[in-house]
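First comes the structure, then the notes that go with it.
Should a chain be cited, it is by its letter among A, B, C and D, assigned in written order, with residues numbered from 1 in that chain.
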Amino acid sequence: MSFNTFGHVFRVTTWGESHGPALGATVDGCPPGIALDAGTIQPWLDRRRPGQNRYTTQRREPDAVEILSGVYEGRTTGTPIQLMIRNTDQRSKDYGDIADSFRPGHADLTYFQKYGLRDPRGGGRSSARETAARVAAGGVARAVLADLVPALQVTGYMVQMGPHRIDRSRFDGAEIARNPFWCPDQVAADAWAEELDAMRKAGNSVGAVIEVVAQGVPAGLGAPVYAKLDAELAGAMMSINAVKGVEIGAGFEAAALTGEQNADEISMGTDGPVYGSNHAGGVLGGISTGQDLVLRLAVKPTSSILTPRASITRAGAPVDLITKGRHDPCVGIRAVPVAEAMMVCVLLDHLLLHRAQCGAGLLGQIGGTG
Amino acid sequence: MSFNTFGHVFRVTTWGESHGPALGATVDGCPPGIALDAGTIQPWLDRRRPGQNRYTTQRREPDAVEILSGVYEGRTTGTPIQLMIRNTDQRSKDYGDIADSFRPGHADLTYFQKYGLRDPRGGGRSSARETAARVAAGGVARAVLADLVPALQVTGYMVQMGPHRIDRSRFDGAEIARNPFWCPDQVAADAWAEELDAMRKAGNSVGAVIEVVAQGVPAGLGAPVYAKLDAELAGAMMSINAVKGVEIGAGFEAAALTGEQNADEISMGTDGPVYGSNHAGGVLGGISTGQDLVLRLAVKPTSSILTPRASITRAGAPVDLITKGRHDPCVGIRAVPVAEAMMVCVLLDHLLLHRAQCGAGLLGQIGGTG
Amino acid sequence: MSFNTFGHVFRVTTWGESHGPALGATVDGCPPGIALDAGTIQPWLDRRRPGQNRYTTQRREPDAVEILSGVYEGRTTGTPIQLMIRNTDQRSKDYGDIADSFRPGHADLTYFQKYGLRDPRGGGRSSARETAARVAAGGVARAVLADLVPALQVTGYMVQMGPHRIDRSRFDGAEIARNPFWCPDQVAADAWAEELDAMRKAGNSVGAVIEVVAQGVPAGLGAPVYAKLDAELAGAMMSINAVKGVEIGAGFEAAALTGEQNADEISMGTDGPVYGSNHAGGVLGGISTGQDLVLRLAVKPTSSILTPRASITRAGAPVDLITKGRHDPCVGIRAVPVAEAMMVCVLLDHLLLHRAQCGAGLLGQIGGTG
Amino acid sequence: MSFNTFGHVFRVTTWGESHGPALGATVDGCPPGIALDAGTIQPWLDRRRPGQNRYTTQRREPDAVEILSGVYEGRTTGTPIQLMIRNTDQRSKDYGDIADSFRPGHADLTYFQKYGLRDPRGGGRSSARETAARVAAGGVARAVLADLVPALQVTGYMVQMGPHRIDRSRFDGAEIARNPFWCPDQVAADAWAEELDAMRKAGNSVGAVIEVVAQGVPAGLGAPVYAKLDAELAGAMMSINAVKGVEIGAGFEAAALTGEQNADEISMGTDGPVYGSNHAGGVLGGISTGQDLVLRLAVKPTSSILTPRASITRAGAPVDLITKGRHDPCVGIRAVPVAEAMMVCVLLDHLLLHRAQCGAGLLGQIGGTG
């Protein structure tokens, strides 16, 4: 990952600011011959789009993706795919009063210090709006994966909002799409709705923990030791706005386990090795095991709140800041499709990287001749 | 990060297996004119070296680093620095019985599946021994940082062993070097010693949580949005053997906070902005704030234990495995200098990357003309 | 250089096809605070624009560049700069008859073989139209260089058209902009005009040799040994459509010289070392000497000609092809601004790379203490 | 290519100076399961080794390669392969008198200016001795290619020494290995021997032109537009010491051709497309055509000569320099195996890159359904 590009072979470069004319992603290294048009990508953007319910920012824009290159007669050509999303609802005046002061918890001050200037309109490049481009790129990656590994499925959902966790015994995958929180526990979702209404009214915000699971990941993905699958996923997730922690499998809980408890025992199944548990979260030595890939990320509460917070102006004078405008009481909600998008991009990239070095498929077969 | 290389400008490529003739690191892009010899690097390796007390593997070797290139008359020349550490205590027979079966929790099976063959001697490339090369490279990075940013200090320590956390009210930095656990809490260290003795005797192991703090980091480091400083640190830490989670600042706790609680308020100090708290952990929008950079990583318990665990052979037959040999009851201990090394390498790399794009120092001055 | 991206720190990714809705360049890693708007870049595009005289393709479009991101209030922000050029004159019918056959000398067949499909409209991605995006990116690089190294000047011109070379004794830099061939020799230019008129009428084409000179290049640029300045320039130039050869300084003539003849003797000038000659072309050991950087590239004759040439269809059947449409009798003409653009991008990238590793300026001063 | 690394997937990092303890190459991304030991690589090093006849430097060392990692039981494991060659004949005194002055035509001055210091022993990193590491890496690439594309053959030879070219009508491939000049024309070889004897006695030197041909290259290799196969080859060749020019196919001659002459007509053969000529040199649009890949490089005369040349000292004082020591009257001779090595590395890298994006083999079949 380098500046605004990530990926080794399937390389995504995003560009654009919150309130410029457009933003987008340049996707390079995409396999050719994959069926793709704007309609393939749009549904993923729609899932992330703000303004769909009262829990996300009321900025309203269609986030319609246009494909400017790399596709001919409905198929990818192997050349760069330019995905552009026009910004249509840029109310710059919402942000005008903060052009010369720095919102606590935002990147305002660090961008200014680093670059000597910044685009203050909506946070400029540091806005969560940049993640729309990731989701668009993820839509391309999903189309390729659907072709190369049809069984692979990536699903994200919230497992904690503020201090409230789901009850795993009530986990119901079908519930995820039925509530505005991508919450697999209906009871929790109802409680969260109340909590978030209160937060919204108070002009306050809460954090969240998101879990992303990839099922059907082939064993063998990952390029040890610095492009380990889990290392790349951790970097990819931590690059998402507001993310402050990432864990794989048992994660931080693993610290409290003994080696005896933590060992995922192995037996022989009909289609290959089978694991008795999944503390590893689907990765050993940086390489996928073929088990479910399980990852969680912690999202901090939105920094844009209505409570005044102390800060300084560009001249160094003290100022109390309230961030008006259209904001999310829990950015974790919209981070769910973004985290999914990052995971599909990383998985596809490693699938291609694996076939570069090792060819298609696994080289070592259990019970075989190796 | 790509295969066995990490870094953009200060680039480290490590090579070597646990039981081959040697392992090492090729360090490229190092600034020239920096005072460096083996004696500069060796102390850092000595801190990681196993066999120094009863809590780490009894493998005994000097881990003496040799500089094969890139240094002339005691100064770096700007050309690649080859750091080689010979393996002198390779008791291959210790591992002979597991050449055809796969230890649970190890990379044995995934390496075999991916590559079709593996070096089973001591885990080959997936051995924690690879981290010696990282520590050597970190020694080079420290020498450069001492020259470029003398005030910068990176310190790692354990804050949790198994389920037992330190009491932060007893935190004493001077204590860290006085016990075998890099523990800043003397009371906890004593308790951990007992706990670990018991684990060692039982042939079991425990996990740990490590905190790494960088003080004196200049504001402005980080290359948004995919080479954000925290994203790169997360990837770097997750690439360390046995690490299952990484968090920055408030980390997973941030999920439970409100926006009001989480906001680090800003005021103007004599030397620039001052923050009222550090939930951000020293990074905002992927760029360092100048506050302490605070990061934690979760290390799983050593997978090599004496309790038999179910697994399979290469032929697919069931087998109960005990991992004899010389192992660490808590690999978290030796992960401390490794995590420090990764942090210094990432910080130096971003310091160089910053001066590439923005020149030396900060472009935006508070109270100045920007 | 990787797929559609080149550069280490100043990174350019181009995208787009000849007949899609638009093409462009994503410029990442640009230093912040540089004055830039579309008007800064447009003049460079205008120099490359076709249809300006009878010697270049009659495709007529304004090639107007739009800046979609990375610039705020007329200054670069350090974030990705998206440069978009809409395609407005896409007469796809011109190319319809060649969708199922492969033009000799073009990339039609190799793209089809590699990717399994291709965008046949105007050559798709392999069209020389892609070079407009390079020129736009070069405009950004020029703006940065004007700020960082005002004395640096890059000038390209043709020194040979078909078999006809200029007479160096008539070399007049002021002449370059006065004729349609960027020819510094007025007598040659007149002769070339006749020659090219004949070629155009015959539906034939000719090749060319272009020389690009950079004056005022600071000594010290280049990152040996695989990112040597001359190696990177060679790769950059060879990536331009139709280029078949690159040479630096004495180039292929150097093969015929003796060591005695080829040695550029050194003496001490008032501002540093002075060289008695420049067979090296401004680069020694992959690092700029501070002399003029002199490079030549050979451009093959346009493959699109009116003479029928034997080829095959996608079904494998023989076919005689005439490439109708709007084409250049000598693509070398339009390659001049493209080669300049590649050189400015490479030089800027190496300037930034140098200050990453070594800081601003030269570390070794002659007559100093080193 | 970046600093001391080249390649995308098959990545080679070389390290080491002429007179340090050792030099070598770290080869990463190598496919696993390939038969490899030192004996596989040594023959290629032996071909480059100096001191084998009176036309190359009399430095005598075995250049014995040791494999320190990445190979287990005679097969590559997919982990980094460390290739080390010890320097055994470092007569530093030969060079002592030039530590404070700068040899014309060498990198002495530019290294000093860039880095502020340099290793003067034998030219340090800028010595042609670095190319031994390339040849070792090339030996690994050859072993992989022999497995993946057995029909592929890469052959280099000299076609010009000083001003004397071979007569192509006398071309005899079998002759190449029979004379010390890798010359395919026996008559020319005899003349060159006389010429070079005279040069050697006069303490002078000559340049050369080398041609490298790859036969059996699969169509479809190359990653347009900035990692075009020819662009990457040009960069790779230009990175070799003393190379001043590179051309593909007709090269600089193409400039003098008309489009009609230059077009390589296509017909359908039994195994796919067949070309009537090969002005393209096996590459169209940056992608291999399946024809012979034909490339030439110009090597300047050795700069180390016995004739005194004017230069300056580090203090800026004038000095007349004679470069004593052991040198090659025509470094072009030893550049032949080096150029071959660079070509095999680039070809393998692109083979892996192609299968990453497009899978194994060609996606588009002529006469098929595409």
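Side notes on the structure shown:
Everything below uses one rule, namely that contacts are C-beta pairs under 8 Å (C-beta built on N, C-alpha and C of every residue); 3 or more make two chains touch, one makes a residue touch a chain.
Given the structure is predicted, the values throughout are model-derived calculations rather than measurements.
The interface with the greater number of C-beta contacts, when A-C is set against A-D, is A-C. Set against the C-alpha centre of subunit C, every other chain centre is closer than that of B. Subunit A and subunit C have CA centres that are 38 Å apart. A separation of 25 Å divides the Cα centre of subunit C from that of subunit D. Subunit D has its Cα centroid 44 Å from the Cα centroid of subunit A. Each of the following residues of subunit C touches two or more other chains: 2-5, 14, 29, 32-33, 78-79, 114-118, 125, 224, 358, 363. Contact residues on subunit C toward subunit A in their complex (touch as defined above): 2-5, 11, 13-17, 20-24, 26, 28-29, 32-33, 66, 68-70, 72-73, 75, 77-82, 84, 114-119, 121, 124-125. Put simply, subunit B touches subunit A in their complex at residues 1-6, 8, 14, 102, 104-107, 109-118, 125-126, 130, 160, 162-163, 199, 204-209, 219-220, 222-228, 230-239, 241, 244-268, 273, 276, 279-281, 283-290, 298-305, 307, 309-312, 314-318, 332, 354, 358, 362-367, 370.
Subunit D meets subunit A in the complex at residues 9, 29-33, 78-79, 224, 352-353, 355-360, 363.
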